[in-house]
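My structure is below; once you've seen it, I'll send some questions.
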Amino acid sequence: QGAPIKVGVLHSLSGTMAISETALRDTVLMMVEWINGKGGLLGRKVEAVVVDPASNWPLFAEKARELLQVHKVDATFGCWTSVSRKSVLPVFEELNGMLFYPVQYEGEEESKNIFYTGAAPNQQAIPAVEYLMSADGGDAKRIALLGTDYVYPRTTNRILRGFLNSKGIGDADIMEEYTPFGHSDWQGIVARVKRFAGEGKKTAIVSTINGDANVPFYRELGNQGIKAEDIPCVAFSVGEEELAGIDTKPLVGHLAAWNYFMSIKGTPNEEFLKLWRAYIKNPKRVTNDPMEATYTGFRMWTQAVEKAKTTKVDEVRAAMIGQKLMAPCGYEEEMLPNHHLSKPVFIGEVQADGQFNIVWKTPSVVKAENWSPFIPENANRKK
Amino acid sequence: MLGAVLLLAVLPALNRLPADSALHVSDFIVSVSGKWITYAILALAIDLAWGYAGILSLGHGAFFALGGYAIGMHLMRLIGPRGVYGHPTLPDFMVFLGYKELPWYWLGFDHFPFAILMAMAVPGLLAAVVGYLAFRSRITGVYFSIITQAMTYALMLAFFRNDMGFGGNNGFTDFKELLGMPLNTPTARSALFYASLALLVLSYAICSRITQSKLGRVLVAIRDAESRVRFLGYDVTQHKLFVFVLSAVLAGLAGALYVPQVGIINPGEFSPGNSIEAVIWVAVGGRGTLVGALLGAFSVNALKTWLTTVAPDLWLFALGGLFVAVTLFLPRGLIGLVSKVTK
Amino acid sequence: MLRMAFLLLLALPARAQEDYAATLPGLAGGFGEIAGAVERLGALGDPRALPVLQALQDGRLLKTADGHVLLPQGAGFVDAATGQPAEAAGAEAVRLNNRVRQALRGALGRLQLVSPDAAQRGAAAEAIFRSRSAEDVPPLQAAIAREQDAGVRAKLELALAAAQLVAADPAAKRDAIARLGAAGTVEARALLIEARAGNPGEAGAIEAAIARIDQSLAIRRAAETLFQGLSLGSVLLLAALGLAVTFGVMGVINMAHGEFVMLGAYATFAVQELCRGIPWLAPWSLPLSVPAAFLVTAACGALLERGLIRHLYGRPLETLLMTFGVGMIIQQAVRLAFGAQNREVISPAWMQGTITLPGGVAVTQNRLWIIVFGLLVLALVFAAIRLTRFGLEMRAVVQNRRIAATMGIRTGRVDAMTFAFGSGLAGMAGVALSQIDNVSPNLGTGYIIDSFMVVVFGGVGSLAGTLVGALTLGVVNKMLEPYAGAVLAKVFVLVAIMLFIQRRPKGLFALKGRAAES
Amino acid sequence: MLRVETIDLSYGASRCLRGVSLEADPGRITCVLGRNGVGKSSLMRSIAGLERIQGGRILWEGKDVSALGPADRARAGIGYVPQGREIFPFLTVQENLETALAAAPRGSKVPEEVFTLFPILKQFLRRRGGDLSGGQQQQLAIARALTARPRLLILDEPTEGIQPSVIKDIARVIRLLAREKNFAVVLVEQYYEFARELADRIAVMVRGEVALGGPIDAMDDEAVRRLLTV
Amino acid sequence: MSDGISPPLGTPKEAAPVLYLDGVSVVFDGFRALNNLSLIVGAGELRAIIGPNGAGKTTMMDVITGKTRPTEGVVRFRDHDLTRLDEATIANLGIGRKFQKPTMFDALTVFENLELALKAPRGPLACLRWALSGEARRRIEAVLEEVGLTARAQDRAAILSHGQRQWLEIGMLLMQDPELLLVDEPVAGMTDQETEHTAALLVRIAGKRSVVVVEHDLEFVRALGSKVTVLCEGSMLSEGSIDHVQNDPRVIEVYLGR
């Protein structure tokens, strides 16, 4: 028995992001318990070092440094927002650490010290919009892009605009509007969307609204009587966890695109859910896509450590590429050389019970394109 | 004070000792204490305005952040073609948000002296405008506090906007070098550390010169009975403006040193909560004494760093409890406690 | 119902009966097939289709592996094609997506046009309006002829106009265009725009109708913007009223005010959970929350005042810092007790949806109620401060605590009660906010700055100022929003306040005179 | 009656009252004299309950009130007019007066005689206290104390800043309250003539102590004057 | 007699007025606190002002020092129109004021309070460079002596008794060394002996400066030996020697009482 292997947990437990990130902290702790239950890794125990970066981005950088320099963690699971990732990235690169980032994001990034286990835009946003434009999705001809004003929605929407233009939807048929974090008064914007939809073409909403702002947004959609069959809204940041705080009855039929839904059938997900329920001991707590990405990342990391027979970052990194795992989403995912995963894409409809009913999925996994072809500048990017 | 400065001054040297030495100080401590020093300068600046002149600004974080943005812009420009898109002048975020050329207000920031000048001038100018308008109209007390809070809040919202050309929510990160030094090296870190320390000593000297002069007494008089000071023939607006602008400039410089050390500047620095926290450092340390401000900044931040790791779920209780306890039981802050004990 | 359907069936030609049976298996297929089947069932006019479609809409229609469709009846199921009892084991629910829902709405609408229930006929008219086709014209005309209810009739007329717009008859079309123009709704406008491309001959009439709609929409939009502004203003008012007492009257800068608002929202959640098990009580949970939240937060406020704040009178800025610490503690305590996630507070039916005021101005019910609630609370505060003995003592104590005591006023009790009152008001604001915002530990943080701005803008110590301040900020914000966007609008408003305060350093309704200067 | 028995009071390290004793009987006027800073106001504040005494005790109507707070003492019938007016600046004159009804039964009104004494107040009922002139404020402060209908009235330099005719009125009222309504009155004055005219007993304070005290008739004017000068 | 240095009894008509008020009115929400008031104070003159509570005496000082803007009328100090200047500028022109309610800087010591009042350049940089010269120290000590606060020089002003605060206010006024002193109720709360002392002090000053004193203590006013102006309801009611006004039946009616 050697010294324990340490993994850092870098998720906000207080401040605005605690809402989303505490569940990921729980997931990592669950996985640590899981691996120790199996006798540990390389015959050593795994130990989690939990810190609270408190939704404060510079504090993320400080805590990352502390995890690497003081606690000498072998791998870190953490971050939710893109800015927190951007803030720790130089630290991980300087100190050659390893970060697993579990949330869908805007792409345009690739670091040898980060493994991205959430979706790139082509694994979520683009398939979702394709669906909206299909017969099944309602033949949308006009798209309202609503987002929180930060880089993920901005970039995603830029990519989507490029994609829509390439599909013959002109700028006149695209509405784009941004709100601050935690925006709570959606009356005006929802009314404007209604008006936008009143131009005689089938309209859909693509929401990159993040976090807290979603509850008041959906309430307003419901109260202003926007029905999914008239103006469907597909969201990229609303999962089971977010729905748990909303009365979903007026929202049935609105959509979300993810790489995992809790309602997915099949053994891998059942195992995941069993593990979660046993760990959290609260039947009301749900699972969601970033949790699954955390789970997948953790499992792949243990596989890579076992393959490399060491926790040294350089060796594990080499072993990570090509790791495969039958993920809870029911597909075999693979870590690609660009440090992103291949993932399936699902579209789910909100149900009255707060779960998603899957109405569409990709036939097989999609490889991550972290450098989107719809951003022209990527063409002359340095490779 | 002198002892504390000396202790800080040898930190990087102690860091070079072998790791098993009893006096060894870890890399981490060196890098966070550089950051704390910049916080201490901010606290000093706040104390000068609040503790002496009674100007409680709940927006000092804005001056700090503006100084940080100024140097951040310089750092971004220094990245040059090393960005992922290889654009010779445009920072990455501008490239993928589709900017074609550099906005005019980014010009000049490729020169270090200009950036440092801006790190002082922009906060100073903002303070001069806000201060002049407010002091002239005799906005005092909580009104002023809330105005400054609105100021930083408005700036936060504005800087969050991607369209402002300051990188929106992400702000600036992934800096490469400063004055030819690669930033992610121990040398650069100790250089920044000493620069911060030097600024701290300088700020302390300026502040104590002021507080010990008659100007300091005029400020205290303004704090206690502003209108009476006017009837003695003092132009209150001028005096207040003088300290407020000076305080903002110090805060801006502190921010300029902070950013290269933490590696990121983003609109979160404008959040009103940050400014309030900085005021709390002063209150915890002991308002109205310069040493108190320093003590407060160091102790609260050290405690926060420590607690967010040892008690990630409970640290807010401990820190919140500390704020309550200090205001309640130590009306003169930690410094009051220290002087009581030494007596 | 089903029996009646079978009786009517006798009147139908045999071919239609076969079509019905032939269409059913489509419901067991993919979403596209389901949608097709639904449309056909709607067009057939076969009354047996109605219960099938209704079951489909409610998610109770089952399909078997071999393509049979089962309809729930009583405790068991029958085969929808034969009406014979069938075994449901192994069958699964037919699922919906938006395409199917859309088809369903049209089909059900056509079938429900003959419903004895006026509300259903109205809904049918609206459904047809949305999914109109030329075939809808004759049944609609028939329906209008027999309709007694004026409201439903108007809806039917509109649906007819929509159908005529896509039908071939040019005269009817022109008439339809005029009627749609008169209707003045966004939906009508959409239909007209859609029709514009296909009817170059009617372009002039269509343009005129659209212009007419645009005109009435502009007026309505102005009214709606005003309403949105008032609604935002009333939210600000509610959040600020507690501060108007603790800050405006007592001079205590309570940075934990937002947390009290948050506690009020959690109290609402708790009351809802308590009432959940008691069916007759459940609809009353929201009204019950108002006193409950008031009491809970008032008690917390009294505790805070007696335990901590009273030691800091005369040191307002220290209170600011201390309560900031208290706020951190409360927030984290709630996070640990209830979890960091949002809690679900359900809106009662009367707080959901929109009502249309005369002139077609649509307002959301929850917002409307919050405006009413805000004004009620304002009246309560006014009465408490200005009209009661308690209010007088409260103000005396704040102005000179020691001397007030020598008048025989029990200053400790007055302080505690005043602070409790202010905190209780924050709790009541929390009840309202639970209806429009997240119930999460961060709820209060978003309102604290705005509330302070309202109080300062209006003038500390002036209730009228708080009211006018809140409503002005709300309306100005909403007026700017369409042009500047939500973020910039807010920035403009903040800057405007900062500039405004220059002119009136003590706010809109400042106290004047000698007393205010010293 | 009021008995102040050898009370001590310190502000931090500096002692301000040293073993001060004082008596005031119903129907009698006790006048406290002394130079600036000798502790007259401190003594009055101690009786009113605004200072916590460190030694001795204060008896009122036979009960030890030393431990009671100011509100309870007010309710026990002790009325206090502080030095420097201390009216409530943002309350109207009417409201200022009504604050004194805190211990009175519900629905009590400001007694009319207050307005007979200070007619200017009746005229300015709706004006804010803080807007009044200095002398008007002083009148308001006295009127406020009377509104509570106390049995012991403490007046700390009540004539400061008041015009001569009103001073005469105040003297008349004080005498009236003592003689006819049987109030016990404790009056602090700098103005020896005024004190002489009114007082039944006087106490002259020097540096926190009562240097000279007793019935007015027994007083040697010269001795008093000496204590009042350097 | 007319050299402007030795104080004459009454106003020397030929001396240029230092302070000139003409037709000044101040209206608060419809209430006329000053009503068409005119007043001229000559160089080196000592003037006493009496009048009922609420007559407008303090308001008049507010108008002169820039605290209150007159609704109408002319207020001049030498060649300066005071209605357009702010408090600090007016103070720097050489008008000093003692407030009816003593106000000082509680956190500073008695000595520092006087130091701040001492006539010297008032700008922030000047204050920063200021060093207490021996000369300045001597002046402060002299004033401390004059107002009897020498022993309290190092005490914080917060702990002074009411009467001591009155004296400190007077001391601060002396430190300013103004051309025109406005003294609002200086002897309220003073013993008889102190009152005499104050009167003598003001008489002495009046030789070199102009002094306007407001008081209700008629013994004190008599001791000043100056011309007396009686204000009532915002305008002048009577003017003349103390004996003259004391016997004026209108003054007796509204002010002195019978």
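Here are a few things to note about the model shown:
Letters A, B, C, D and E name the chains as they come in the text, with residue numbers starting at 1 for each one.
Convention: a residue touches a chain if its C-beta (ideal position, glycine included) is under 8 Å from a C-beta of that chain, and two chains touch if they have at least 3 such contacts.
None of the values given here were measured: they were computed from a predicted structure.
Here the chain-to-chain distance from chain A to chain D, counted in touching steps, is 2. Counted as hops between touching chains, the shortest connection from chain D to chain E is 1. When every chain is reduced to the mean of its CA atoms, the largest separation from chain B belongs to D. Chain B has the C-alpha centroid lying closest to the overall centroid of all protein C-alpha atoms shown. Summed over C-beta pairs in contact, the chain pair with the top total is A-C. As a whole-number value, the distance joining the C-alpha centres of chain B and chain D reads 53 Å. For this pair, chain B with chain E, the centres built from the Cα atoms lie 47 Å apart. Inter-chain spacing, taken between the CA centroids of chain C and chain D, is 62 Å. Chain A and chain E have Cα centroids lying 75 Å from one another.
Residue positions of chain D touching 2 or more other chains, listed in rising order: 131. Counting only residues that touch two or more partner chains, chain E has 28, 67, 101.
Counting partner chains per residue, chain B has residues 157, 160-161, 227, 313, 316 touching two or more of them. Considering their complex, residues 13-16, 18-19, 21-23, 135-138, 149, 177-180, 182-185, 187-189, 191-192, 194-195, 197-201, 212, 215-216, 219-220, 222-225, 228-230, 232, 241-242, 244-247, 250, 253, 349, 357, 359 of chain A touch chain C. Those residues of chain E that touch chain D in the shared complex are 28, 31, 51-55, 57-59, 100-101, 159-164, 166-167, 185, 188-194, 216, 218, 254-258. Within the complex, the chain A residues that touch chain B are 13-14, 49-54, 56-59, 61-63, 65-66, 69-70, 81-83, 86-87, 89-91, 93-94, 108-109, 149-151, 154-155, 158, 178, 180-181, 375, 377-378, 380-382. Considering their complex, residues 26-28, 31-32, 35, 84-87, 92-93, 95-98, 157, 160-162, 167-171, 173-175, 184, 262-264, 266, 268-269, 305, 308-309, 312-313, 315-316 of chain B touch chain A. Partner chain E is touched in their complex by these residues of chain B: 209-210, 213-215, 217-218, 220-221, 223-225, 227-236, 238-239, 242-243.
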